[in-house]
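For reference, chains read A, B, C, D and E in written order, and residue numbers begin at 1 within each chain.
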Amino acid sequence: MRGRKLLMIRPMLIDSEDPTRFKPGSNTIIAVDTLGAGEGELVMFSQGSSARQADGLKQLPVDAAVVGLIDTVSIGDKKTYEAKND
Amino acid sequence: MRGRKLLMIRPMLIDSEDPTRFKPGSNTIIAVDTLGAGEGELVMFSQGSSARQADGLKQLPVDAAVVGLIDTVSIGDKKTYEAKND
Amino acid sequence: MRGRKLLMIRPMLIDSEDPTRFKPGSNTIIAVDTLGAGEGELVMFSQGSSARQADGLKQLPVDAAVVGLIDTVSIGDKKTYEAKND
Amino acid sequence: MRGRKLLMIRPMLIDSEDPTRFKPGSNTIIAVDTLGAGEGELVMFSQGSSARQADGLKQLPVDAAVVGLIDTVSIGDKKTYEAKND
Amino acid sequence: MRGRKLLMIRPMLIDSEDPTRFKPGSNTIIAVDTLGAGEGELVMFSQGSSARQADGLKQLPVDAAVVGLIDTVSIGDKKTYEAKND
């Protein structure tokens, strides 16, 4: 596990009161990041044995991995998330 | 993962107050779609290592996949869901 | 998956207020049935990679399977469930 | 699965209001017992593919197994559980 | 499992009201400790088949393992946890 970057992730849920918005879930997950995600970014992550399918994680005791960085999310016609580009 | 279509899925639960109806669950799942599902459709999905059994997903860090499109749901005698046919 | 019978299952939980009774849980699971269960029956089901150990499901993207039909449940001395025999 | 003893298990959680005590969780799990646990005993159980690592369960559609009988639990200095010895 | 040290773990969640703090989750997990963690320490743990990737656990019916000891946690600019050094 040496040298692996780890992120704290809060799953985002569709807000029941306004399904065009996200709200943060209540649990917190530690995931290995192989893609260089930063604080405040929206990422896609995989859990369980599937997380170990990500590059270079096959033999590690890893149960969550970031597998994608998200640029934009659209729900219906409404853009609900857009990544900040630096 | 390049070129894979991803869907945001909200699990549907049987409504405790009226078991002939569904209500949306509170969590949100990102699943790979290999069947061409569209917005507003009811689908069946599989999670964990089982999702990787779907066509062409064996080596991918995928922990959820759409494995079926649902035409109709009947609970008891009542049809609770019917897919819109275009 | 062609020709597989699927069931909607609601997990039963022990009722906290009266531990000799069951109450239905709030989630809904779609499981493959290889045993011929019917509506209203109490079954035992298995989830995740374990579900794929059931007969004939090894290669399918199945994450829940009915693995037993339940005849009677006894909690302490009280019989809390008895299958209807036709 | 023939001849396997099954137990209904209620997970015990640390009570938030008094962390030296347990309280029963709200879900109910059916686990294979290979150790001879009895009613009212506190056991340790394993879920998912890990449960199938228990003796003789490798090929069975089993997603929970009792893997230990608990004699005593101590939280801090306080003994919170002690098995009844017959 | 003989001689394995087991720990009771309470997952820590980010507090919704003050995201720079942790609060204890409501569930309790039993994990194998291969690293010598002590009471009151913050650890990282892995669940499911991933836990069995930890050193020496491949064949055991273990569904949770401590895979790291945490020195400090920083959320934004604020250090939210620091391990006590003896």
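Simple rule for what comes next: a residue touches a chain if its C-beta (ideal position, glycine included) is under 8 Å from a C-beta of that chain, and two chains touch if they have at least 3 such contacts.
This one's a predicted model, so the numbers in the text were calculated from it and none came from an experiment.
Here the chain-to-chain distance from chain B to chain E, counted in touching steps, is 2.
Contact with both chain C and chain D is made by no chain of the assembly. Fitting chain B to chain C on C-alpha positions gives a rotation angle of 70 degrees, to the nearest 5. Centroid to centroid, with C-alpha atoms defining each point, chain A and chain B lie 20 Å apart.
A straight line joining the Cα centres of chain A and chain C is 33 Å long. Within chain E, residues 48-49, 51-52 each touch two or more of the remaining chains.
The cyclic arrangement of chains, read from chain A in the direction of chain B, is A, B, C, D, E. Contacts from chain D toward chain C in the complex involve residues 1, 6, 8, 10, 24, 26-28, 30, 39, 48-49, 51-52, 59-63. If you check the complex, the residues on chain E that touch chain A are 11-14, 16, 25, 44, 46-54, 65, 67-68, 73, 75-76.
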